[in-house]
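In structure tokens below, several structures.
In the two complexes below, chain A is the common chain; its partner is chain B in one and chain C in the other.
Now for the complex of A and B:
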């Protein structure tokens, strides 16, 4: 570990923060993290974050749910114990399919929604009993915090950050 | 201009508010002490709930015979209440999902409470089919589980089983949608909590939400996809509930317009219940600057629209019942026979509460009045209960043979269980209003600059929403890197 020192720059306005992120990026500094009390539109692009693929996973989870519903209705109603209910014998899945549409739809939604949210929680590391790690309690209220690692460039960084409108700049040891 | 909104639009957040003021306002009811009115409402609801639980135990212990059901009317208050509660449970996810897809910003002030209402209402709804089974300990038989009867499976052709899947999917997806939205708000309360116990609880509830840029990016994507999934889900739930009736061969139930008409009715009653609850809540929790006249008006517009769909459906049912000339159709719930028969009072209650009174909302003065909206919302709640009662009890009270002409008289147990669910619902909602952030504050902060009264006024004067930059003077060097963690 060459450096464990980081700068914490606080902002109290989303538009100022967005301009600051752009300014810091244009000077080719690496922004380690930005903590926000609410979503700031365009921040992910300004920071250069890759787009999230959660929607794509949801699509595949939905396909899984649909396949499961098809397998389940076929196994239970057609293969394992076919019955003749109300003069409608269940000997072929495709002929009975219209009655299974609600189940197929519900299970598609069930799988897609729950598995996507679980994936989100795992990827963002949020779950019950997880300790929060935002460095300052104000970042869930009205302050934005930009974290930049220092590599012997304290002076240049602080002057840049204060020019961009940071309301408070702290240099801290990150363990 | 990222925060531009046409000046002609009325502000959604009143008062000269900063981001921090929003935090303070939303946290206040949680951090403060409950007043006398809250305790009074809570104890009354609790008493009603316990009375209802007593009636449920009596039913389960003695048998369904303690209800007013008879050989002909096998469904009455139980299924009426079930459908009524499911219908009420439709506004929440509609507000959070459909209005999100339509980018309606006014949803942000009301979605949290509407979703809470949805979840609590679906709890009540779920009780009825389970008690109605008579042997609720066998309720798990509705699930497709391997069993001791030589793998006798559930019947996937039955709308009653579709209901099991639809309602459990709806409840669980709504719950997850609601909770994911709550995480940043719980985190806000956690980070400002002073009492250690409170901090622990909210730390647990917030799942350790930290608000990283990447988390917010995923959060927004997940909200959008969940909204896309929940929108057809909302529509499917009441569609399937209506199929419980529509797939049967009873005159009055066997009706192809049931699915869309039930969905419209559900949204109608759901929004009415949101009006009822928020009409009280905005006062009690001092949210008058967030839940404004404009929000009330918008909700009333949805009520007029869906109420109009319901009115057209009633007219269609009435006309077709008459037009067939079939004597069996002359005692469906919307027919001359129903209007003049022994259930005339139920028929006219339905029309007056559901169709005539809501027409007052065409007047802008009434639509924007808090007290009128409250009164009309109560009328709709009553009217929508009668709709389900009429569909079930009136239709069943006159079968094809005179020997099947029976009437339904509720017993004190029927009434007690219904009152009990209302009590249970309010117990949950009152506890929620004291312990949960009742407004999605993180979302409201995103629209403050575009739709807040303060910023709108400033923009009219030509002042930009971005503050002037003040260069900070000092740099502090701290040994402790993390103010959030205990030393």
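Now for the complex of A and C:
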């Protein structure tokens, strides 16, 4: 397998990093990935990433939860074991609907939140027992790392990155 | 500096005058005697086949006028009984008992019809007063939180609170008209003999609350609330302008901060008590412990909507330097969030009463659900379903025309909310949306436009001396693009 070289530029401030990303993008280099110890607002835009579709999935997960709650309350409280709710033995779902609103609300939130988190993990390729693939453990502490693939432009990149305030620049082989 | 244009000024004056004429007309056409009232009812009943219903409903909402010495649960039953008897009575006029009852009803109906122009005025007055008040409270909260984003909107909010002054003056007149002059019957517990055990009007339940519900106490409290709010408004407006040129190492700023803390404390107490006195007191037997919050939520979402409207308008005139799409986005977030908050409180109040099914509590919703079904249900759709669907998407919140459409529905919905809080208690089944209601809105809208825009035109449109001004001018919610005017220089 042919190995490809990448450049790792380290930063120790999120504002410096953000400006560096903008500088690199304005020179039309492709940024493979940026590793951060915490989320940096505006980084996705600066890197030119497409907006997340997570919000749209959350909406549909919420609808799913709402539907599930309606089905569940109807099955449990009306069909399977009809309940006299609040002294109003109507045995109709719609007439007892106010009693089910908290359940509908909670399950909407539950589905939206949990499924959104799971989707986020899947999309980010994180799952149980997966080995961490951040290139340097310092990115989990106080450093930011920008990874740029090299295509015979090692020197130009290095000089550009050192101008943007990188505290350390390494060239590594990536398999 | 913003110029209050002659066009807008004449519009506001026209609105006020037209409104005033309409209000005058509605008072003039209100029945002057029981005979007039009977005629109006007879006319109404000849149009439709719901004659029996109308009267039964009138009996239903008769809380203290006709039923004086029952306890609440008996009362609910007797109402039901009256409904039945009367329903039959409507079919068989020779029924003597029903005929007697008819006279009692006629007097009650007469009072309700007389209340109509008052109630129409009161709904709009409360709505506009409440909006100005809640803008003031929101503004105080911004000062206390030392928030950065909203500084460029401070003068807009201050301008809107200017409307507190005329609405408070009118409120004082209405308060005195109700309590001292006794010219209307909106508050049934102010009727003669309610606290007198020997009177046929005696109401044991209201008498039990007489330590709170008495005319002098009510009048004094009402005036105290208005004085507190107006005093803070006067103080903060003066010192906010002083801040611009103070240059005293933020001494004025800190003084304003302290005043706002004190005001917020007093506001939370006085707002709750105001909602008991001015709205819950219309239904003196009924009570709800979260009513103050519920009224607060309704007025808060309306007031944020009004701030957004005035901001969008002034921005389109390039009158607010330093404003950008993120400020609109934040206002729309508040509109969305407080719509949900309102729904939560409205539903919390409804569900507990529905679940427990205690007659003395359910009367409130029975009256609303029987006679006000359309506005009652429309209000929930307008105040919850519509804002959620329209303003859920983050991108839509910074598009002015989306915010305006959402806001119009929210304001309409919360007007209806106030309408449904007040009307069932004061006019019962005789509600309508006609000249009286519409004129009252026009009247207060005219005053609102005049006071707000002339207040905005008087001073510098941005508070120059505020230490957070810079932050506010560079405010950019990271997740949106700035498209509108005034955004080119940031990012």
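Basically, the second predicted complex is superposed on the first by the 164 of 175 C-alpha atoms of A that agree within 3 Å, B and C clash if a C-alpha of one lies under 4 Å from a C-alpha of the other, contacts with A are read in each partner's own complex, and residues count from 1 in each chain.
In this section, a contact is a pair of C-beta atoms (placed from the backbone, for glycine too) under 8 Å apart; a residue touches a chain by one contact, two chains touch by 3 or more.
Just so it is clear, the structure is predicted and the values come from calculations on it, not from any experiment.
Participant: Check the residue A:141 against both partner chains and state whether it touches chain B (first), chain C (second), both, or neither.
Facilitator: In the superposition, A:141 touches chain B alone.
Participant: Taking the superposition as given, does A:99 touch the first partner, chain B, the second, chain C, both, or neither?
Facilitator: A:99 contacts both chain B and chain C.
Participant: With both complexes overlaid on chain A, does A:88 touch chain B (first), chain C (second), both or neither?
Facilitator: A:88: touches chain B and chain C.
Participant: With both complexes overlaid on chain A, does A:151 touch chain B (first), chain C (second), both or neither?
Facilitator: neither
Participant: Let me test your reading of the model: by the given contact rule, A:55 touches which partner, first (chain B), second (chain C), both or neither?
Facilitator: Both: A:55 reaches chain B and chain C.
Participant: State whether A:173 touches chain B only (first), chain C only (second), both chains, or neither.
Facilitator: First partner only.
Participant: Would you sort A:42 into first (chain B), second (chain C), both or neither based on which partner it touches?
Facilitator: A:42 sits against chain B and chain C alike.
Participant: Scan A:30 for contacts with chain B and chain C and give back first, second, both or neither.
Facilitator: neither
Participant: Counting contacts the way the document defines them, which residues of chain A are shared by the two interfaces, the one with chain B and the one with chain C?
Facilitator: 41-42, 55, 86, 88, 99, 102
Participant: What residues on chain A touch chain B, complex-wise?
Facilitator: Contacts found on chain A: 6, 12-16, 19, 33-44, 47, 49, 51-52, 54-55, 58, 62, 72-73, 76-77, 80-81, 83, 85-86, 88, 90, 96, 99-100, 102-103, 105-107, 109-110, 112-114, 116-117, 120-121, 123-142, 158, 162-175.
Participant: Give every residue of chain A touching chain C within the complex, in rising order.
Facilitator: 41-42, 45, 55, 59, 86-88, 98-99, 101-102
Participant: What part of chain C is in contact with chain A in the complex they form?
Facilitator: Going by the criterion above, the answer is residues 347, 350-351, 354-357, 392, 394, 478.
Participant: For the complex, give me every residue of chain B touching chain A.
Facilitator: Chain B reaches chain A through residues 2-3, 18-20, 23, 144, 151-157, 159, 161-162, 165-166, 169, 172-173, 176-177, 180, 183-184, 187-188, 190-192, 203-204, 206-222, 224-226, 229-230, 232-233, 236, 240, 243, 442-443, 445-446, 449, 465-467, 469-473, 475-485.
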